[in-house]
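Down below are the structures I want you to see.
Shared between the two complexes below is subunit A, which has subunit B as its partner in the first and subunit C in the second.
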Partner chain A sequence: MTIEVRNVCKSFGAYQALDNVSLTVADGELMALLGPSGSGKTTLLRIIAGLDQPDSGEVLIHGQDLSKQAVRDRRVGFVFQHYSLFKNMSVFENVAFGLRVRPRQQRPSDAEIKRRVDELLGLVQLDPFAARYPAQLSGGQRQRVALARALAIEPKVLLLDEPFGALDARVRKELRRWVRKLHKEINVTSVFVTHDQEEALELADRIAIMNLGEIEQVATPSEAYDRPATQFVSEFLGFANRLTCHVENGIARFGDFSLPTEFDNYAGDAVAYVRPHEIGLNRANGHDIARATIDSIVALGPTARVDLAYGEQRLEVLVDRERLTELGLVVGDPCAITITRAHVFRGT
Partner chain B sequence: MDRRDRPALRDPRWARGAIFVGGIGFLVLFVVLPLATVAVEAFAKGFELYLHALNDPDTISAIQMTLTVAAIAVPLNCIFGVAAAWAFGKFEFRGKTILLSLIDLPFSVSPVIAGMVFLLVFGLQGWFGGWLREHHIKIVFALPGLVLATIFVTLPFVARELIPLMQEQGTEEEEAARMLGAGGFRIFWSITLPNIKWALLYGVLLCNARAMGEFGAVSVVSGHIRGLTNTLPLQVDILYNEYNMVAAFATASLLAGLALITLAAKSFLEWRYADQLALTRR
Partner chain C sequence: MLKSISRKPKAQKPDIGTFETEVDGDRLLLTLVGRWDVPTVMANQPALQKFAENLAVEAAKHSVIDLSSVTRLDTVGAIAVSVLRERMARFGTAEITGAHEAQEALLDQIAKVDAQPIPRLPIPTARDRIANLGKWAVDIGHETRELVGFFGELCVVLFRLARHPGRIRLTSIVNHMQQVGIDAMPIVGLLAFLIGVVLTFISGDQLQRFGASVFIVNLIGIGVLRELGILITAIIVAGRSGSAFTAEIGTMKINQEVDAMRTIGLDPMEILVIPRVIALIVMLIPLGFFADIVEIAGGALMASISLNVTFTQFVNQFHAAVSLQHLWVGMVKAPFFAFVIAMVGCFHGMAVSGSAESVGQQTTASVVQSIFLVITLDAIFAVVSSQIGW
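Moving on, here comes the complex of A and B:
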């Protein structure tokens, strides 16, 4: 089932939460909506779910406009940020709820419900906890109950709002891998909201990066990282050194550096983004293009973060620690630097 | 950690003593002593006279009246309270704050005024008085008036108890149920109601206690017709004014007994309810 969001606008009073947003999620795809808080990602998810109505625009699921259907007939699975399990029901009853509330003709028999719920609890590895109440479960377990409950209605699409937001780091990582595996198994078209880029990069087939109610870029994780479409994406996804430069004749000048750009007929201010691993480090030898001073070195496992002072500009560089030892550079040393790649955007 | 382990929080012995004696003394003087007086005075002339006083037809009628009024007013308030709390707790709309403070009005208005208002509206000389008489509907000086006055006075109890709880619980569980295909009534019955049941019971108990004990508003609309429109508090007042001390205190002891039963039930619920809250909030 595909999801198609067309020209959706939504405002809350004077605040424009979504500004003409369009997005297509392919059948079986796992899409992340990534953005800082207030970027409109949860609003978009709630509109896809039908929990909120857009001011204009439409949402098509498998070609059908669901806004004409009652929420109960849409078969959209939704996992809430805080799980929203039914406190007064056991795990079993939570998962069974979606089956029990069906109209009489469509409702499975008790035996069938039991079979289905048991199967789902097996899928989320919670079989021994069927009789427990939500308050007696850990965060990760609650999350899996919420997932099983959403899957019980055999959803056409699955929507998850900050699914791992409330979990501690270790559980989050485990659950992330597990969800990835689960998605491969059941292959239901899914969209999840997150502000954690690591989560988006690891889990999603594609990422929609949102800012101020607009989608800045939709791309695979590696594409978004390697070829950011906008300044915002460059800054938001991973860390990048931000260099203000001047463009003339298709060349951006920054200090001693000349960086190639795609602008043929543009002259004026520009901003270049350079990833920490896209700056080369060498011993100074007198024939360098550019020279900087080492301010600090922080060892991070196999790599080291080197902070440089290049004139007024601070630069953050990542190098292998082995390489650093080979070069024999220590804090206070001068060093030669090169820029292997930069993304240049017009403006300031 | 115990307070005693914290030197900064330790008060001098005399201060602790004074506060303790003051607090307990206050409680004894204003709560225990009057209650004890009621019991002592009721049984002052012996158990037999006590029973005899209660066996008076007017008193029995007053008991029936009080129970009838409570039996009508409390369920109605219960329904209204849940509906109001549902509206206030789960939805956003214009004028919400104004309506919320209106719910508190019966707490701030003197009950006597409430009674007068009903006289003014439904009394013989009132706005609807003529029409009501033509259609032979009696409201003031009859059961409907008593019920109306009682509902007015006890209006905030259930709603006030539920609104903060429902606001705090938010709407996510309801939304989850909706996404799973549940209809409005099913959501209310299986999700909302179970989440508020202890608070609801608690509110109903408080409402009931007040409904049975209400004097001011009821006094105005009842007309004090003996054996017909007198409730227990009114009966106590009448007996007392007739210097019939034993009967007055015997009847009062019944009222106090009802209050004590309510209190016991409330304490029990608080204990249960705290348990539930702890479980749901964990």
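Moving on, here comes the complex of A and C:
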């Protein structure tokens, strides 16, 4: 089942939460909506789910406009950040609820419901906890119940609103891996909202990066990281050094550096983004293009973060710690730097 | 203040501080003497105030505050000194002399703290008040419109369920009937009984003066059956169950349980609102009847104690004077009151958004509004029934 969002606008009072957003999610795809808080990602998800109505535009799921369907026929699996389990029902009842309240003709028999709920609880690895109440479960377990509940109604699409937001880091990582596996198994078209880029990069087939109610880029994780479409994407997705430079004749000049650009006929101010690992570090030897001074070195596991002062500009560089020992550089040393790659954007 | 203290020498501490001023051309010397602490500042407040206000007249270009004769300086004293210096500094230089080390440190500390006076709350102007009134009216208009919209939605869902009765959730209805009906009986009974007693006592006293004690039966019988019984019940239920509806649904709304229902294909109106509305409509009728009986029983008890109207007399008179019609006039209101209370309670529950604070606000609004509507509705019923001669 595909999801198609067409020119959706939504505002709350004077605040424009979504500004003409269009998005297509392919069948069986796992799409992440990534953005800072207030970027409109949850609003978009709620509109896809039919929980909120767009001011204009439409949402088609498998070619059908959900807003014209009765709530009962929409069948959207939705997982909330704070689980939103029905507190007064056992785990089993929570999962079964969506089936039990179906109109009589569509309702499976009790035996069938039991079989399906047991199967789902097995899938989310919670079979021993069927008789427990939500309050007796841990956060990760509750979120898995919520997932089973969302899957019980055989949803056309699965929507997850910051599903791991309320969990601690270790559980989050575990659950993330597990969701990835689950998605492979059941292969239902899914959209999840997150503000954690690591989560988006790890889980999603494609990422839609949102800012201020607009989608800035839709791309695979590696594409978005390697070829950010806008300044915002370069800044939001991982860290990048921001260098203000000047473009002339297709070359961006920053200090002693000349960076190639794609602008042939543009002359003026520009901003270059350079990832910390795209800056090369060497001992100063007198023939360098550019020279910087080491401000600090922070060891981060196998790599080290080196903060450099290059004139007024601060640069953050990631190098292997082995390489750093090889070079024998310490704080206060001058060093030679090269820029292997940069993304240059017009404007300031 | 100084005067009043000096008149009562006991209250005066032996060494309250004083101050002296000395003007020499454009030089002003302010000498503080004795202890400068809370009592001193309080005692000298009016005088200091006067001094500070008259500074402009004296127009001292060079001011000096001499602390050399101060024996004790606490924070309040230091603030007073600091304020005085600031005032003086407006007309020229102002310095402090004679302060020893500790005092100087304290003064430094005070100077560092930005001792801005607490800003006064803006006094609303007449225009603000009118604007607020307008805003309030518009808000009420909005809310009324939404409530009417909710009423419409409720009717649509009720009709839908009437066509598909299989979708009515009986278990839920029974559960709510227990909560709003059976569980409410003790409190409704107790309050109804007390009101019956009080009403009889107060009005019986008046009737006795005319030797018309036995008419207490008419008064209690008709008054309770037509009006009081059901009205008291409705008000108690509004406070007890209406608010509970708002809080329950509101909490579910905040936990996104309501959204969760919607996503698995359930209409919250069907699941949450309808069972509550039906349960309350069904239960308010017997609950009102129960209240009628207990209230009249309370009246009968009080009548026999304080008015010498025996129980047999009471029953006989009741038969003669109170027709069944009065009971119907009272009872027919019950389902309407129940509908209004349940609807308003659920409406405010569904209107909860965002934070837990909103649950509290909506609950308050729910109770106030449903009691208001119940009494308004009661007045309308009174007018209608008197018009049709019942």
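The rule is short, and it goes like this: the second predicted complex is superposed on the first by the 348 of 348 C-alpha atoms of A that agree within 3 Å, B and C clash if a C-alpha of one lies under 4 Å from a C-alpha of the other, contacts with A are read in each partner's own complex, and residues count from 1 in each chain.
Assume a residue touches a chain if its C-beta (ideal position, glycine included) is under 8 Å from a C-beta of that chain, and two chains touch if they have at least 3 such contacts.
These numbers come from a predicted model, not from an experiment.
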Superposed partners subunit B and subunit C on subunit A - clash or fit:
clash
Classify the contacts of A:88 with the two partner chains as first (subunit B alone), second (subunit C alone), both, or neither.
first
Quick one: classify A:228 as touching subunit B (first), subunit C (second), both or neither.
neither
A:104 contacts which: subunit B (first), subunit C (second), both, neither?
second
Between subunit B (first) and subunit C (second), which does A:135 come into contact with in this model arrangement: first, second, both, or neither?
first
Which one of 111-119, 183-191 or 273-281 is the stretch of subunit B that crashes into subunit C?
183-191
Both subunit B and subunit C touch subunit A at residues 49, 51, 71-73, 75-78, 80, 82, 84-87, 97-98, 101-102, 149-150, 152-153
Can you tell me which positions in subunit A touch subunit B when the two form their complex?
49, 51, 71-73, 75-78, 80, 82, 84-89, 97-98, 101-102, 133, 135, 149-150, 152-153
In the complex, subunit B residues that touch subunit A
172-173, 175-183, 186, 190-191, 194-195, 279-280, 282
Of subunit C, residues touching subunit A in the complex:
164, 166-167, 169, 255-257, 259-260, 262-267, 271
So, in the complex, the side of subunit A touching subunit C is made of residues 46, 49-51, 71-78, 80, 82, 84-87, 97-98, 101-104, 146, 149-150, 152-153, 159
